[in-house]
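See the structures that follow.
Heads up, the next two complexes both have subunit A, just with different partners, subunit B and then subunit C.
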Partner chain A sequence: MTAVTTLDTPAAVTSSRGPRGLLWAMLRLHRWALWFWLLLVAVGAGALLWAYGPGADAAWAEYHKAGCGSTTPPDLGCDLIGPAYTRYDTFVGVGAGILGLAPFLTAAWAGGALIGRELESGTAQLAWTQSVSPARWLAAKLAVPAALLTTGMLLLTLLHRLLWSTDGPLRAAMGSRSWYQGTTFEANGTLATSYALLGLAVGVLAALLQRRALPALGLAVVVLALLTTVLGTVRPYLWPLETLTNKHEYPAYIGMVVDEGALTSTGARVADPICVDNTKCLAEHDIVGFYRDYHPSSHFWPLQLVETGIVLAVAALTVLVAFRLLNRRTGAAV
Partner chain B sequence: MTETAIEAAALGKGFGRRRKQALDDCSFRLLTGSVCAVVGPNGAGKSTLLSLAAGLLRPTDGTITVLGAAPAAVRERLAYVAQDKPLHPQLTVADTLRYGRELNPGRWDDQVAERIVAEGELEAGARIRTLSGGQRTRVALALALGKRPELLLLDEPMADLDPLARHQLMATLMADAAEHGTTVVMSSHVVAELDGACDHLLLLGAGRVRLSGPLDDLLAAHRLVTGRADASLDPHTVVESRTTGRQTTALVRPEGPLGPSWQATAPTLEELVLAHLRAPEAPALRLDDVREAAV
Partner chain C sequence: MTGVRAPRGPRGLIWATLRVHRTALIFWGLALTAATVCLVWMYAIADDARRGNVPCAEPAHDGYPSCSSVEAITVDDTYTQGIALVTTALTYAIFPVAAWAGGALVGRELENGTARLAWTQSVTPARWLAARLAVPAVLLTAATGTVTLLGLWARQDDDPNLVGDWYYPDVFLGTGPTAVVYPLAGLALGALAGLLLRRALPAAGVGFAAALLLYNLLERNRETLWPTVTRAEAGGFELPRSAWQMGWNDSLTRATYHPRSHFWPLQYVETGIVLAIAAAATLAAFAVLRRRTP
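On to the complex of A and B.
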């Protein structure tokens, strides 16, 4: 082995074997995190697949057994939720929940175990005094988890979408879950994955700032929670709204409603005086109609992609700051 | 032998917002092949200096050059063992050596690393977290030497070892360094630990260089003198003097022949270091450029 390597020039050996070495180190050092992630993805995938197959079948069987589904519109009481549908709903919730929780788990792990603990115990410095620059070390710390996270999250997202595309009638019958609701919205597109990557970036930067595992873990989770709250709040305004108007009563409630109210004869939007059907009251307030600003379901992808773009941009910026911070501190020529 | 292993020029490192100076205006030079002892009290800046040399910290002032380049550019050629011997606790001894092999492609020498581990009778399958402090030190040294460094930076390397293991590891280290011409820089606040092993001394105090140069030259530049309390020591530089009764004992740097009223002996390394530590205001002495001029 030694005899063979000495025949090559050191530079050539470095370039051909370096990445393999770091990849090996990453997988070996974070073996338990890797197993945990694989387990989490397996549980999520299992739950979604079960809901997609036997879960949905059982829910339908229960529905038909109650004598529903033969008339349109369905009889009153058919949206009464039975045990089979509850079970189905729980399994969907587990799958979607893992997609929703993964970014926070990632942030906590990245802040605590991936970087924070290594800076605290000095094992990061141990790596930097092998033939690995701090920048390459950080690149490996980001790239390997990012690849595994993306793969797992996209797999779960695809399964969730598969489920979503087929269980429409069941949802309609039971009147549960809408496309725009938080976890569902994120689990059906690119957002869950991009938030997981943001969690990774935030965790890494928090650890570089704190240099200790526990404070970094806390900071990472708090910052990610703040970011998701802010982005969740501005989500409806990331794409132009559509407006429905109607005379005498409110237009139908379809899709993600952002604003609603009454219209005067001049077309001005005012707060609903809540006259209900009192014509005198309506005339007094000069109310001639009602409006709803909303996103139809066709806005799913535009909303999804704009927010994904923002999340990935914030993540990229965070990574850039992390690299600059590390370089400034260690004085490393890459 | 004429190449420079480490050269510091007006090197300074401050920490925190207040820029508390751990190192301040340090200049010294160390030639390749030397075995250098970095000595000083706790908080003198020994660890900071070694971290700077290892490219783990960026200086706030001045420069440090290692093996003719910036420390970060010669990462492959130097090894560093930090004071608390950080190792991944979840790895086994064998995996830790594999870690060294994977992260030092083209340099790693399995035989060297495995020999050091084998001398400590460590089991390859034992996890690092189950090892004693001394055993961890051994694995950390194996990781450092397996890299075949040209410059070996050791921060308080022997602190956790029992006297026998210390003796044995020091012998291994010195034999390895002599065989490969490795430059070794070793810090300690226990002077006795370094005596006999080192040929170069760097004494730090309060972040500054107090003494720097080949050990023999530094010792030769000082005399431990005893004489009557009223005798004058002019024009010699007095590092430290103590008077008990009518007798004065002093460590001096003679500027010429000492008068007949003084009894002079050569100081030991420990006496030299202790006198300088007890007298923080004594002027610094650098002899590390002299040899270069002579070569």
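On to the complex of A and C.
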């Protein structure tokens, strides 16, 4: 064991400044995780702020220097992505990537270091003899990380939204990133934060089930990956779709397109026979129009809030199961 | 020892390594089986997929099939997704390997003292580490080599419409020797992290982070590993799809790119770099172990 650290002077008996008791123990025990989280938030915030300011300016300067964006017909090279835009995109990707990765890091840490290691090494059982009931111990283990995660994730989300609200013309010029794409969709609303909380809950339950650090870490990451995949798949169906129809060609491509095809004279939806402009072929298949089911960008918040509600409900259920499991194991009255 | 009846199957250190890490062994077997089954299935539907991905005309004429008949074939989507899934999983294998090597393979044994117990059982620390590295290395090489070769077999003519262009990050890493050496580098980096930190969870985290750093550094600098070709023509020109384009001048008369023939030089240089990092990490791990033990 290398757990020999400096012998700190015991906390003064008189009430000292700063956090005490369970809260102090939590922060002291997991100070590495705390520093790492602060570092991650700082890196994400720095990347997003850089992209918002100098990064976007440099990308615009490069775009105008190439003779693009003026009233004259644009140069052929306007859709070529230059080094300044690539750098801009990389920094935005770092910020959004941290928001996307944080739930998985949280699940791995919660399963491994927060609960699994303490149950494996017996320090949890030791804590329960020190006038801390198992339920209070678990509540502190959940509440402190949840508060820190929520703060950091919301800060990064707000910065991402700030960036998103101003770089619309740049995105349009380069044809990159849409509001409904996975990482962007999550980073622009409440979803990134709620997935991080789900990761915490899943990690805690995995550790209580496995009672060993490394198996709990693996189980937590795999379960969270399954949950995010399932929710990402059903995402378009969480709010009623809108439909556009058109007589001669497909309606414009505006937003998250979920389904498309051809319409017959009875109004039935069929797979497009790809006649293009061949009228004989269209008549043969009885095609009178085309449709697209989609979500316009005004559906962003309804979609976002319904999915957030589901994620938080699953997280709450997981926490409830974790408390019940702990209660049954320790046989203590809560 | 000739008088003693030799038991069948692996013995000694190898047996101990396989026995302690049987969960990882089962996971390895499941992953290899799943990848094999998927690729054999992809090979089986490869011909149909190619029929669903041809030029067409409506109505059918001049030897082109009708577009409605081609569009009705959806097996090409299944084929594309199946190939992409296995290729991506293969290129990401370094990450779980690095975390596992740091956490379960080395870190946990040093943390809870089972390594020191083993060293009292007529196993020297160096032989213990050699076995802990060699057994997973052999199994990983066998699995990644098999999946890479099966992938090349299932890709058949490498139609970029179906399996992606050769210079896509996943396709590049998953179709050559790089697919084999990256997980080995993850193993060595994880083991080094385990020996340096001597605790399971921090070592798993540091091993994973080191693998992430190596992967991203090389992905960002891959095009610089071999000199590019420059082509200039007065009236402007177009490059074929197989050219990995690096940049054009403002008037679109001069381009730098990697032609398809640079695939192998780029592969060899990257394989060499990754192998050198794996070897350096392994040597460093043995050096750390020697200094820590009497």
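Here is the rule we use: the second predicted complex is superposed on the first by the 310 of 334 C-alpha atoms of A that agree within 3 Å, B and C clash if a C-alpha of one lies under 4 Å from a C-alpha of the other, contacts with A are read in each partner's own complex, and residues count from 1 in each chain.
In the analysis below, a contact is a pair of C-beta atoms (placed from the backbone, for glycine too) under 8 Å apart; a residue touches a chain by one contact, two chains touch by 3 or more.
What you are looking at is a predicted structure, and each value in this text was computed from that prediction instead of being measured.
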| item | value |
| --- | --- |
| Which of subunit B and subunit C A:Ala201 touches, first, second, both or neither | neither |
| Dominant toucher of subunit A (residue count), subunit B or subunit C | B |
| A:Arg329 touches, of subunit B and subunit C: first, second, both or neither? | first |
| Contacts of A:Leu227 with subunit B and subunit C, given as first, second, both or neither | neither |
| Which of subunit B and subunit C A:Ala66 touches, first, second, both or neither | second |
| Partner chain in contact with A:Gly112 - subunit B first, subunit C second, else both or neither | second |
| Touched partner set for A:Pro215, first subunit B, second subunit C, both or neither | second |
| Partner chain in contact with A:Asn278 - subunit B first, subunit C second, else both or neither | second |
| Footprint overlap on subunit A, where subunit B in one structure and subunit C in the other make contact | 1-2, 32 |
| Residue ranges of subunit B touching subunit A (in the complex, touch as defined) | 51, 54-59, 70-73, 75-76, 78-80, 82, 84, 86-88, 90-91, 95, 98-107, 109-111, 143, 147 |
| Subunit A residues within the subunit B interface of the complex | 1-2, 5, 8, 10-11, 13-14, 17-18, 20-22, 24-25, 28-29, 31-32, 121-123, 125-133, 328-333 |
| Partner subunit A, residues of subunit C touching it in the complex | 23, 56, 58-59, 67-68, 71-72, 103-104, 108, 111, 113, 198-202, 204, 248, 250, 252 |
| Subunit C-facing residues of subunit A, complex | 1-2, 32, 66, 76-77, 80, 112-113, 117, 213-215, 217, 271-276, 278, 281 |
